[in-house]
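For reference, the structures are reproduced in the following blocks.
You will see subunit A twice below: alongside subunit B first, and alongside subunit C after that.
Moving on to the complex of A and B:
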């Protein structure tokens, strides 16, 4: 089956998530962090997953790798990756191999994902050993090529400790680690959030180029609508553990349907247009209480809320070709 | 009114006599902020913008130059008066996750500075502290009763930053130094905090020094204010916020504006947008010419031999070949 899937048609999604539910065990019982998520990540496209802190976007990504940390736990669902199978049901050893080999992850703060006591080159070798790479010399050569490609002095970086590198450089080292085992699916979890504007722009430029060169499937997780708008082909908007809107980025940005997406776009400080067009999003991001409400998670902050929204949870429905929205205002026509 | 003239800060690195080297964090920075005015320092990490803020807040002593608050040099006044001067200039830290003690409740965090002030006030100190805490929390848009008992981990990034701002306001400052005050919080909440800072400027006539790498944030805060673009401790371009953003003359300013993500579907990319590939090289300080020349895509021979002076009247720039380029995104429609 795997060979068939690997060389399957281009319409085959690179990752297919169905009915995914993740909860966090707390003293007040299990709190849902990701709820009923169905998602197809299109192959060879850049998908942006956007949401505020606490929207469940990072939990969703960790669930794709089946490495949700305690006290979180995946209750149900499947994550099909062609060539690997269902990440949530295959045995642990195969999961471990798939991480890095099939699915590369670039962490939020690269400085926290690198070992402070070992030189970068040693960490490349560690990675190779844990994935049974035979030719470690070749692996180092590959690391050095990648680092050069990322615009760095490879010899210097490989012999450095993480504290000797700048934030932008560490983030690029993180990208190198995600790509060195030839992963085809690369997930960047807030990979540019801690960087200043210039490093962010150059890291994004590199991600864009590598994405094209290697035919990658890139997943960008961020709270910055600007980054998604600039980079992504598709946008997935998350709020309160659910996907509230999904679609091609150009159309979502110019015609957002969900009130949350509309508010999010209005709240971006921009360098173009009238200064008073930007309006802050009222209220606070989803918290524990929001997750327990029976109705729409955005109800509290929504200007267009109807009585119905308080008690009922809207489901994600296809509203037009390629666009899905979870909002009664949009999906109800009666 | 705060005036800064020819500020310099040199750090000497540790090492023996031969390997000891000097880092020029701030080379020559002058500016003034009128009461209720604002100035935004923009530049990338390591350009010296934070050092300017720290000198202003009294956390560092300048190697040369003066900082005057309403005419008094804050680094030269006698100790007793200096305390009061320092109270008037408050620093808002970059990272609201680290600026608050996680073991202290919000009430403890806010009442600590007030307890010192309460000694000088008449009446019951406890009632006064309570009143003042409620006042500043309301000012920053928080409900006192619902946050006072909480600990920092129970609040969102935006709320924490509001607490940090409230704490700075408790001592009635006249100048706020906001160092990357919004870069750690969610974009959706950023605008709210920016609006808050703008309101404080207008309502309390607080002068604001806003330090950021985000040009768009500077635009929201600095309405009617100034922007100073700083690189390696030297001002590259300076002028009214709107003018600098719409008609940038210095290639470094243009690089910063180019780096702002373009919102597909809402904006079109600036015609002359360019992305700087080279990173800042801190070692290449010794060169005689323009500090930015080694990264500048438009550099010519003259740029490597002769340092450009800051020229112009209201809109100043330090470049031999200043040329307006359309790098900022343009709103569609």
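Moving on to the complex of A and C:
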């Protein structure tokens, strides 16, 4: 790895998101799910995206593939992927070819990501045919290698139907599907959430190995701080569809700057000690009303709120080397 | 394969038992009906001057049993006759075996209903997939509306309307009778083309009337499959549209197989309105005539046929299911 990449400054990002806005059409009007997101995903790094349920993490990664399902709609923005172009403006066929081949996604509900009526092996072949893979035999061999790596009996899995596999096995099969076409950018959206702690640890270990081995750019979407601390080089914290803080995971987790990040870290229960040492965040996650307010989306729940926060939305500013925070308390130096 | 055979055998045994139960039920029903047609016939034969012995013999030939025997003996006799495929003799078509009458009427119904059902199934399914995938576009809405409207029009209204349009206003098709009576039935060109021309209108009516049902059922099935996670996953993996539509259609069509099999079973009940309006001597007409004439042997024969057909089609669906749906294969 070059020195440039180590510093992560001058290297071209693997994904460059600019001005991304995604809304969900509801009966009460458009609910913004991702708001004005600018984000550079550094190449060959593991980026963790963290936030509460409903903070827009999954919508953001689905938007990277331009696969936001209805009633969601991408309103504006661009998602530049080197070698592909802007996922949001290239034609549909090129988008389709990029999905799976350039950007592999292991999807939140990966246990149900398989066609129940076709054997896994056949679905691998379907994938290969869709992406014009010449040597399908070789593709099956790759699938078999990956499945073995993921700790499964590859022959049995390839000849099985979805209902013949356990939840954990299906999840791993989902990971295999994201990696099999040698996508350089791999997104795991809560991919290990449904697994027990031991399987989770072993799957994450394999992900880490493959990440290094293949020089992947990995995006981990999770609400588990432990996973981020363990795996990620960088962390992106989302609240109410906005990125409130981002930076190298070590420094963000040890010195969280945004009150929301601080709250998230305080809310983690420890293995030992009383459960009430974990402090839940007061209030409810951002909803439609919050978005109509002109101020900071976290204003209602913020202990450090100032009058200014109610009237103005803080913008994300670089506070120190490589760290950005969207909070007046941090960015204002008076 | 062994388990499949065992399953099939189990199903067959269950089917035979069901048929026996229904046969027993029809047997009792006929005997519980007011008016005792057997006794009436016996009495009328006596009045016609036959001796009691002759009259009894006559009745025995006609109904296949002797009225003064105990119910239990009659029942055993009846079952024995069924096993020999003897359904007794018709009253309205005097002296003709019920079996022969039913076999004579069945082909007309099968031509009509089978062709109509298969045609409407295929068209309805395809239209249903399009209507579901394009449900937010004018094309999808138009298809859905066509389904609802056609589904809502009663069969006899549709039949009369089409008959009026195509045989009166724009007289391109013949009306009434299954074929041109001037031709000799057989495997010859003119007869077959006449058969086809006469069948066109009733088949079309039947297909048009059932198309809406298939379309709407398939549409809702496709929409529910579209919401499944694996469809989103297939998009995210960049599968070709044709492959994805194949995934969707395969998963969505499964529930419709049951309905198709049941409707093919009920086909043997005939389609009364169509047969009546287009003057087809099919099973529907036969059943109505039997009821009007209190032809009990013919009635119970027709009911038995419907039962056997429905049960048999159920067994076949069950078997087909285990071929098309791996989750049931075990």
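The criterion applied here is as follows: the second predicted complex is superposed on the first by the 318 of 334 C-alpha atoms of A that agree within 3 Å, B and C clash if a C-alpha of one lies under 4 Å from a C-alpha of the other, contacts with A are read in each partner's own complex, and residues count from 1 in each chain.
Basically, a residue touches a chain if its C-beta (ideal position, glycine included) is under 8 Å from a C-beta of that chain, and two chains touch if they have at least 3 such contacts.
No experiment lies behind these values; they were computed from the predicted model shown.
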When subunit B and subunit C are modelled together on subunit A, clash or fit: fit
Most subunit A residues touched (candidates subunit B, subunit C): B
Touching partner for A:251 - first (subunit B), second (subunit C), both, neither: first
Subunit B versus subunit C as contact partner of A:320, first or second or both or neither: neither
Partner chain in contact with A:98 - subunit B first, subunit C second, else both or neither: second
Touching partner for A:148 - first (subunit B), second (subunit C), both, neither: neither
Touching partner for A:76 - first (subunit B), second (subunit C), both, neither: neither
Subunit B versus subunit C as contact partner of A:159, first or second or both or neither: neither
First, second, both or neither for A:310, with subunit B first and subunit C second: neither
Subunit B versus subunit C as contact partner of A:205, first or second or both or neither: first
Nearest Cα pair across subunit B and subunit C, whole Å: 10
Partner subunit C, residues of subunit A touching it in the complex: 62, 65, 67, 69, 96-101, 105, 107, 109-110, 112-119, 126-127, 129-131, 161, 163, 174, 177-178
List of subunit A residues in touch with subunit B within their complex: 52-54, 151, 166-169, 196-202, 204-205, 223-227, 229-231, 249-254, 263-265, 267-273, 275, 278-281, 284-285, 287
Subunit B to subunit A touching residues, read off their complex: 44-46, 156-159, 186-192, 194-195, 213-217, 219-220, 223, 245, 255-267, 275-277, 279, 328-332
In the complex, subunit C residues that touch subunit A: 228-230, 232-241, 243, 247, 250-251, 324-327
